[in-house]
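Listed after this line are the structures, all set down as structure tokens.
One chain, subunit A, links the two complexes that follow: it is found with subunit B in the first and with subunit C in the second.
Our next item is the complex of A and B:
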């Protein structure tokens, strides 16, 4: 076989391999979209229909009518937003401090926190929130989501500050700047890409969290994952609206994943973190 | 840890070595996070340990019972059964993504058109909201109307009962877990592949080694430490798996797919048996830590080359 032909075949083979590898993910989400756009009669058809003759756009409008879906969306935004912002406020300086003190051993706490099953945080904190009379508000969920967001932010920021060059900080120190000035004016601007990574991962894992919500959320304080799960258990199950709701819940995350895949990959391989 | 006063630091700035100079107290940076970590992470650990020694049901008087909850656990058949399910589920959910993820990493490590976009699509399953994808999998598993049985019928297999039969439920859930988490293994191994030196491959080429030999005798040993990292992370996550299992089967049919985590949930938040639930949480936690330590030990033994992970 001639050499150019061989490399061409190699390339085609590789492309086929990768298509095979990507197809489970791709086909799944295509099927999810298809389910969400079909009327009940098409979703119950055998053999299954991929592209229906009529699209059931009303699946999307029905979930926003009568299900308080907008309220739950807003709850998710508040819980994820507050937990992420708070984690950045305390976690970025902490990552900086740990990196500069070279106190790597303290990161073990973060590692163990990551190993702990979410449920074992839930039992004591549930009792604490009950005792404090916070159940029924969004506060318990915001606070417990810190279990997810704070370790992610600290972990990523330690890694990031360890790789940023120290020369500028040293120069600023010689010029008599205080540690806070150095942090705010020198270290922080350089660390922006790291903060973006921490922000994205923190948002995604907090948004996706389910287990804290099913225990702590009441009717008015449900986040989206809990709301969509409740659609399954308490209402007459019809696939179209259910798939539409599932897609609406996860769409922000999917868009973020494709748009920021470079940052996400960097963050995940640096700490290989996962919340919950 | 040496903590210098601020005047020391300024005076010694020019002469003292860089480690010493930049080490001084950064405590103020850490304290706020420390308070949060103690409040939401360390306090729950300690409190759980304490509760596990109590007879504690919501709405009833608590009393100290020592190790009684743990003794009850050792003879609780439902717990032992759940432990078996957990181990099977974990072993399969580590092995399958490990093999597939390594293969995917080898494919992604080549010069592909639109590599970034493909990688973005590939990682979508692990970033998507677990409850949302679990709902769609539930629909796909449906024995009569599900698309999976239709696809199998096209190649003459089935129909299967998937998550609706005790004999196939765990395998079906492993399928979902594998679909979801193969990308993470791929990313970790891809990181390893990117760090490999090129020289050994050049000499292997000259010696006439084929692709499989190059993989078996060069790539595999060199990415060993990365594979170990993947195994550790995957084991922890599979042990803790909750959202997918709870949404699709709730441990059913019967208790055929009930893992420790699901049983823990039932005891604590369905029966509100807080003391006993805490004991399960403690045992579960110890189990995870033990497994991690064993794997870390193995990793240290396998990390003999320069391509070390983290």
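Our next item is the complex of A and C:
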């Protein structure tokens, strides 16, 4: 076989493999996009239509008109924002402490908290929130999301702080910094890429969480995943608006990840010690 | 500027003792180098002076103030790390002024001090850059600049040149020495490179296995090593050791060759086994000398280094092991030579510059 042909075949083979690997994630999105732009009649067509002749933009306007979509969006922003912010405030210093003190046992405890199914916290916490009179506000959802976000942040930050060179902190120590100053002025700025990763994962988990919302939310305090689910039960299953809503729900997280990815890569190439 | 006193200092991790009772007196303004093979405890000792390692026993004092329990930030020391440890998120100027900013020094004073240090080290045009934008040598200079700006009592250097290439290392060696002559700050410098130690130090501390083998001025160590370890460690290529027996007014090698002692015969030494030490440059061609076969000739231009295998020893036999290889001799001569591998030459040591050691204790006789 000639050399150019071989290289070409290699490339095609590679492309097919990549396509196969990413297709479940990708096709899912493509189909959702297609659904959101089709009229109801096209949705049931056989053979299936991928690109319709006329785009049904009204699917998008419906979701903003028919439901309190903006309210639910705002609820989601508050719940995710607060749960992530609290998680960072608590989790970053905790991860630093665990990494520096080599407290591997505490790390395991956090891992266990991370692995425990969220549902097992749900019922006792539901009763607690009821007793405290918090049901009907966003607080129960914010608090219960911490069960997910705090361990994620701690776990990521432990790994990150363990890889930052100890010499940098020793240099700061010799330069006259206190423990707190070392954390704030040396360890924290260097860990920025790690914090970004923890932030994104925490946002994704919190934003997409459905189970906590469906149990704890009232009509006024629904978050987006719950709102999308509720669209199923009204009148009939209208696939167009449903897909449009799902896309709108996914969009913020998608944009955030794409935007922050550059940050992560940029952060990783920074040269702390020799050879960087 | 300050003196540093280390009294019977010990360090153990669990049951393993890394430093086994070490005492060093460092005078104000002195440049002291701790040198030794890796694992000898020299870096640990430096880190104990810095306050980065706890002291298991003994006393470290800076300017007569015991600092055993004083945190690093209150010791008024500056340290240059092997991998420089520059803060990657700060510019060069910010790296250099970090310590001063922590002390809330006035901005005008910080600017003046940074400028002065940058001037000394030629870092002026780089002040606005980040560490990742600098070459290895430049980063090294910034690390030194960070130390100079502080104007500390003591400079500590932990193998600062080992990450640089050979040429840059020689250049930085000169710069560090010049800097010390200019600032006259007490300096403790750790290296495993005995050439660095010889060329830079006022005083060398040779360490091995957690103890001090010898303390002295570079040429003192070179001319009068206290034991075989120091004799073998200081000087490159290393000193030749020839085992044999003392008798009459001379020394007889295992192969039966007689080596002169220049009248420096230790008392009550007849028939006593000893090791004859001679530096590679202290041999000369001589008809009455040791017969040896040339193994390798390595001309460097300024001198020629030759590896010789003495005739009549095991080193000369086929299938000689590692032990026997140690019997090989190194000869360094300034003149060019036409000698080729396989030829036999006769060489004699200069008796006035030869050393004798006890083969059991390794101590100088």
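Rule of thumb we're sticking to: the second predicted complex is superposed on the first by the 242 of 276 C-alpha atoms of A that agree within 3 Å, B and C clash if a C-alpha of one lies under 4 Å from a C-alpha of the other, contacts with A are read in each partner's own complex, and residues count from 1 in each chain.
Just so we're on the same page, a contact is a pair of C-beta atoms (placed from the backbone, for glycine too) under 8 Å apart; a residue touches a chain by one contact, two chains touch by 3 or more.
Because the structure is predicted, anything quoted here is derived from the model rather than measured.
**Student:** Thinking of the overlay built on chain A, is A:32 touched by subunit B (first), by subunit C (second), by both, or by neither?
**Tutor:** Touch partner of A:32: subunit B, not subunit C.
**Student:** Using the superposition on chain A described above, determine whether A:230 touches subunit B (first), subunit C (second), both, or neither.
**Tutor:** neither
**Student:** Is A:238 in contact with subunit B, with subunit C, with both, or with neither (first, second, both, neither)?
**Tutor:** neither
**Student:** Quick one: is A:117 in contact with subunit B, with subunit C, with both, or with neither? Answer first, second, both or neither.
**Tutor:** After superposition on chain A, A:117 lies in contact with subunit B alone.
**Student:** Scan A:143 for contacts with subunit B and subunit C and give back first, second, both or neither.
**Tutor:** In the superposition, A:143 touches subunit B alone.
**Student:** Check whether A:253 is in contact with subunit B, with subunit C, with both or with neither, and answer first, second, both or neither.
**Tutor:** A:253 sits against subunit B, while subunit C stays out of touch.
**Student:** With both complexes overlaid on chain A, does A:62 touch subunit B (first), subunit C (second), both or neither?
**Tutor:** After superposition on chain A, A:62 lies in contact with neither partner.
**Student:** Between subunit B and subunit C, which one contacts more residues of subunit A in the superposed model?
**Tutor:** Looking at subunit A, the partner in contact with more of its residues is B.
**Student:** Do any residues of subunit A touch both subunit B and subunit C, and if so, which are they?
**Tutor:** Shared contact residues on subunit A (touching subunit B in one complex, subunit C in the other): 170, 173-174, 176, 269, 272, 274, 276.
**Student:** Can you check the complex and tell me which residues of subunit A touch subunit C?
**Tutor:** 165, 167-168, 170-178, 181, 185-186, 189-190, 192, 269-274, 276
**Student:** Mind pulling up the subunit A residues that touch subunit B in the complex?
**Tutor:** Those residues of subunit A that touch subunit B are 14-15, 17-18, 21-22, 24-26, 28-29, 31-32, 35, 43-44, 46-48, 86, 89-91, 93-94, 96-98, 100-103, 106, 109, 112-128, 143-144, 146-147, 150-151, 154, 166, 169-170, 173-174, 176, 179-180, 183, 204, 207-208, 210-211, 214-215, 224-226, 228-229, 232, 239, 242-243, 246-247, 249-250, 253-254, 256-258, 261-262, 264-265, 268-269, 272, 274, 276.
**Student:** Quick one: in the complex, what on subunit B touches subunit A?
**Tutor:** Subunit B residues touching subunit A: 1, 10, 13-14, 18-19, 21-23, 25-30, 32-34, 36-37, 40-45, 47-48, 51, 103-104, 107-108, 110, 112-113, 116-125, 127-133, 135-136, 138-140, 144-145, 147, 150, 179, 183-184, 187-188, 190-191, 229, 233, 236-237, 239-240, 242-243, 246-247, 261, 264-265, 268-269, 274, 277-278, 281-282, 284-285, 288-289, 292.
**Student:** Which bits of subunit C are touching subunit A when the two form their complex?
**Tutor:** 50-52, 71-73, 77-79, 81-89, 98-99, 102-103, 131-132, 136, 139, 146, 150, 156, 163
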